[in-house]
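Going in written order, the chains are labelled A, B, C and D, and every chain counts its residues from 1.
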């Protein structure tokens, strides 16, 4: 299985924060398509695999955690 | 009278920290010459008149305080 | 190093004092400069005045990124002590959002490392702010500059 | 503003906390950023290790220059609170020499103003350091860069 997580505004738009996919998706791009029913990719979408930033071609394997989220906005004014 | 003050290494070299001059010296340059018996001007010597930085042509009048000191070295590493 | 998250309001200065005192005598005697940055929640004004922030993060990844930013900064500048602490959860105006600080022999390294911590956290660490306003509305803050991908 | 001299050893963090808390609620709510610099006495090592500093100043002119540097900095950047405190007299390793801090709405102004305070004091304020070393020698520190005249 692959664990998929969404954060912040993206989590709210999609109406879910996590889901489990069978491990047939082999890249971050494929995980996005599978997890969102082929939703268009938001501008500046970020992704992480196993807690590390990743791009859409990053390979994904069984047991991985894949996260999608908007640009980060922490820190100071 | 004009009050003349020396600070830090300059005070030690000259062996005095303050003196009073009759108010016949009309510029910082003249005060230096009079107060030090025409000693050569140290490199980077700084001067102040009445607690404000001044240059050697700054006029000096009766009652003024004229200070001479080396480059400043306060603050941080 | 003091690196991590805080889930409740905290005062930044005792944290900085602790970090300074945590150095041993030799380390402390070698430090001539400490630059410390404290970011706090601004309220703004008027009807869109922000009365509360929600600071979401990615548990696991956020802590890892903070630690990496800290160690990278320590590798790039001759730093002897470092603080990088970020608030998460519900935040009220005036509360501390981030404390970043660097101690070094000289001021150039301390200033540069501290600034680097602040900028890198802002652009790379997975935090997201949602503003709750006086008029009852709420919105996710959008980044002025996209993070690297 | 907290601007002035200290004749005995002091902890910088309570001073920064006091300055932050001295702002009224509106001022504080407008501040998103505070950069604070703390310069401390370094000891160095070996036979020329510095065991003590004497920090001489020009009473009257030094206080006036610190106040002018503070007000000039406040005129140049949108600063809401500021600390500029410098030690004088006999100083031991690890003790605080200078605290400079600026509070502003945004981090750019806070960083720039704080750095400006530190650099301007170093190059303009009438302070002179004499080092007393472990081998018994003593010497006035000479400036790397001459001050303006």
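Just so it is clear, a contact is a pair of C-beta atoms (placed from the backbone, for glycine too) under 8 Å apart; a residue touches a chain by one contact, two chains touch by 3 or more.
Please read all numbers here as calculations on a predicted model, not as lab measurements.
Asks: For the pairs A-C and B-C, output the one whose chains share more C-beta pairs in contact.
Replies: So, comparing the two chain pairs, more contacts are at A-C.
Asks: Which whole number of Å gives the spacing of the CA centres of chain A and chain B?
Replies: Spacing between the chain centres: roughly 71 Å.
Asks: Could you work out how far the Cα centre of chain B sits from that of chain D, in whole Å?
Replies: 25
Asks: How big is the gap, in whole Å, between where the Cα atoms of chain B centre and where those of chain C centre?
Replies: Once rounded, the distance between the two centres reads 48 Å.
Asks: Please output the residue numbers of chain D that touch at least 2 other chains, ranges allowed.
Replies: Correct list: 32-33, 37, 39, 42, 105, 107, 118.
Asks: Two-or-more-chain contact residues of chain B, please, as numbers and ranges.
Replies: Within chain B, the residues that touch at least two other chains are 76-77.
Asks: Is the way these chains touch best called a line, a ring, a star, complete, or other?
Replies: other
Asks: Judged by the touch rule stated earlier, which pairs of chains are there in contact?
Replies: A-C, A-D, B-C, B-D, C-D
Asks: Where on chain B does chain C make contact in their complex?
Replies: Touching chain C: residues 76-77 of chain B.
Asks: Hey, which residues of chain D end up touching chain B in the complex?
Replies: Those in contact with chain B are residues 37, 39, 42, 55-58, 60-61, 64, 86, 97-98, 118-119, 121-130, 140-143, 145-149.
Asks: Could you pull out which chain B residues touch chain D in their complex?
Replies: 5, 7-9, 12, 44, 46-48, 51-53, 55, 67, 69-77
Asks: For the complex, which residues does chain C have touching chain B?
Replies: Going through chain C, the ones touching chain B are 32-33, 105-107.
Asks: Along chain C, where are the residues that touch chain D in the complex?
Replies: Of all residues in chain C, those touching chain D are 11, 13-14, 16-17, 25, 28-44, 93-94, 105, 107, 110-111, 114-115, 118.
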